[in-house]
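Report on the structure given below.
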Amino acid sequence: MTEGTSRIDAFSDGVFAIAITLLILEVRLQHAGVEGSSLWTGLVALWPYYFAFALSFFVILVTWIAHHDLMRLVRATSRPVQLANGCALLYVTFIPFPTAVLAANLGGTEIGTAVAFYCGTFVFGSGAFNLLVAMMARGQLFRPEVDAQTIGRIRRGYRITFMIYVAATLIALVAPWWALALNVAVRLHLLRIRYQLAPSVPRQEAQLTP
Amino acid sequence: MTEGTSRIDAFSDGVFAIAITLLILEVRLQHAGVEGSSLWTGLVALWPYYFAFALSFFVILVTWIAHHDLMRLVRATSRPVQLANGCALLYVTFIPFPTAVLAANLGGTEIGTAVAFYCGTFVFGSGAFNLLVAMMARGQLFRPEVDAQTIGRIRRGYRITFMIYVAATLIALVAPWWALALNVAVRLHLLRIRYQLAPSVPRQEAQLTP
Amino acid sequence: MTEGTSRIDAFSDGVFAIAITLLILEVRLQHAGVEGSSLWTGLVALWPYYFAFALSFFVILVTWIAHHDLMRLVRATSRPVQLANGCALLYVTFIPFPTAVLAANLGGTEIGTAVAFYCGTFVFGSGAFNLLVAMMARGQLFRPEVDAQTIGRIRRGYRITFMIYVAATLIALVAPWWALALNVAVRLHLLRIRYQLAPSVPRQEAQLTP
Amino acid sequence: MTEGTSRIDAFSDGVFAIAITLLILEVRLQHAGVEGSSLWTGLVALWPYYFAFALSFFVILVTWIAHHDLMRLVRATSRPVQLANGCALLYVTFIPFPTAVLAANLGGTEIGTAVAFYCGTFVFGSGAFNLLVAMMARGQLFRPEVDAQTIGRIRRGYRITFMIYVAATLIALVAPWWALALNVAVRLHLLRIRYQLAPSVPRQEAQLTP
């Protein structure tokens, strides 16, 4: 019923690499909406597209790091883990769409709706990662060196991250830029945690929650 | 004439990962057809695109799992297997197109034609997988531990799945939503079979037919 | 100066897998040019797109098989081989464009030009593969078990294939469908050669020339 | 805190392979801007798109070679290296956009702006690679056989390349074609350096700076 994780890792890596590269397809001169003016004006007017591109690139990169940190803790995979991982990948492949919505509305009057939709995607994604961790725990797939306390800490971390994304989605409706800043802050914090802890504590405590 | 399967596995994995990620390119705000209304209305009006995206994502994911379950049963590959596998990949790379047709017509009057075209794609795909299994059997490429009875059971499973897809295509013309439900049900059943059998029976009986 | 081929293989496999999957992006309902008629009419009117998609899929698949057959004969890679391989990959990534040109003109009056452009791409591609083999020979990178006679036979095969593609390009201007048929025939022949020879002769004689 | 580089290599390879293959999506007959004339005229009028496609293909290919040459010198990766590598990949995935801008303006009056934007992308990319090397040095991640003198030479090479890209960006505003020629020349020179040195000197001196 269980097997190693190399196959699922390779497939997931492919999906992450493709999703992160497809983001650029949304950055197009026609989107600048300043036909007739100089090329320079057009390139500058595309700033929301550069911003959304870089932001989603950062989001997918951190999610990829977190995904690998998590997969390294398990010794095997199971059908429920494959399906929960499928949900996580569904979220990753979906990101280019809310990114396009964000870019098209960042400078407009509907920025609140666009950012709420963007953040709502992360709520779904975080839910998928929570499901993935739960399926790993239920199938007792963690490596022997990952003790119960560590697993508890990881699951708590994922639950807190989920609630922060819910909060960011609500904040987006009234203060969209603050919601985006919160999203960046959470991910920078998660990256820093592991970096600071890693030298002195066992590997598995240095876990990232996307 | 024969060789290991790692090369063909890596190439196939790449094709699966790319096809599943390209699905999102069809989800676009312009497709909502509600210009002039609010962003929120547009995002809601895109529901057929989200539905088709998630459905085809699920289809490709299950096909990927089935493909790997199958490849793990053979010890080597041959030219006929490479070509039959090429037909299976042709089907996988084609999926984004019927998905786009489905999404564009899910809420319209031509839903019957669109769903029949979508299901017809699976008939072709299932035919390719039947051909792949037949080529594996003819070339005697199955691992020694896969006995004749098991091979017979796998081939029968693939043949039954093929006929279900033919039935779904015909049903689509009169009851498109039921045809889609049948497609989901077949795949959920296939996923469950392996999951239930796996702990107690040998690996190769837990076979999936896409 | 030399190194194993696993890196260059993995990168090349990725490019092949992506190019073959991007082909579907050209198959779009809007290309049918029959707005206002039924969905069924539109799907049928897309036949040149299905044809071009399947043809280029077959071309890239055979090229991938040939590329791997070739790379398996060398023990190491060098800078000139990396660059010649880059030319071969440039050809592979270019294929989606002539495929789109072919599909758009298959049923029109400019079919001759379109097929000549399509076949001309293969002349370039075959040139790149000839260069690749030449660089392998000049760098003495073939495995010890590949003797001089075999290398000579491989290079002759590649040269003949190059000339057939030149002929197909010229034929395309007067008899485009015959030029396409010649392209398919060449590749089927190459696939068959290896298949027939392989059981009785050493591996390296069963070489394919794309 | 550190780990092997195979994961980050595989992910980076995927991004390189996808970015280099997506370049072709910008080459489209509609871009020729000569509707109504013959297909042949249209195909010829697309020369700026072929040029930009081939140029950026060459750029990404050389960057990929350089990236691998660099990664082979380190024994492990760290969080700062992952993030600096993320910046380098952000640059790689961005390339299709300046390529499209270049192609659309190569024959027009705004060629200066377009080439400056194109070259400016390389300034950013080179900055990311300089950061990557700096993070490798700071984390003392180089293999033991890479001595301090070699590291110094590599870093100096990367700094000089950075300044050449800055110069090319400024030159682009007055002499765009010379700026493009300078870009090609730098990369050809870098490729040649390694090729000439490699047989006689240790591996790590044969370093490429993108």
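All chains are identified by letter, namely A, B, C and D, in their written order; residue positions are counted from 1 within each chain.
Here, contacts are C-beta pairs under 8 Å (C-beta built on N, C-alpha and C of every residue); 3 or more make two chains touch, one makes a residue touch a chain.
Here the structure is a predicted model, which is why all the values come from computation and not from measurement.
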| item | value |
| --- | --- |
| Superposition of chain B upon chain C: rotation angle, C-alpha, nearest 5 degrees | 90 |
| Type of chain C:chain D copy interface by residue overlap (half), same or different | different |
| Far-end chain from chain A, centres as C-alpha averages | C |
| Geometric centre distance via CA averages, chain D-chain A, whole Å | 27 |
| Distance between the centres, which are taken as Cα means, of chain C and chain A, whole angstrom | 38 |
| Residues of chain A touching at least two other chains | 10, 14, 18, 22, 25 |
| Set of all touching chain pairs, with the criterion as stated earlier | A-B, A-D, B-C, C-D |
| Interface residues, chain B side, partner chain C - complex | 1, 7, 10-11, 14-15, 18-19, 22, 25, 79-80, 82-83, 86, 89-90, 93-94, 96-97, 100-101, 104-105, 110, 113-114, 117 |
| Chain B to chain A touching residues, read off their complex | 10, 13-14, 16-18, 20-25, 27-29, 38-40, 43, 53-54, 57-58, 61, 64-65, 68, 191, 194-195, 198-199 |
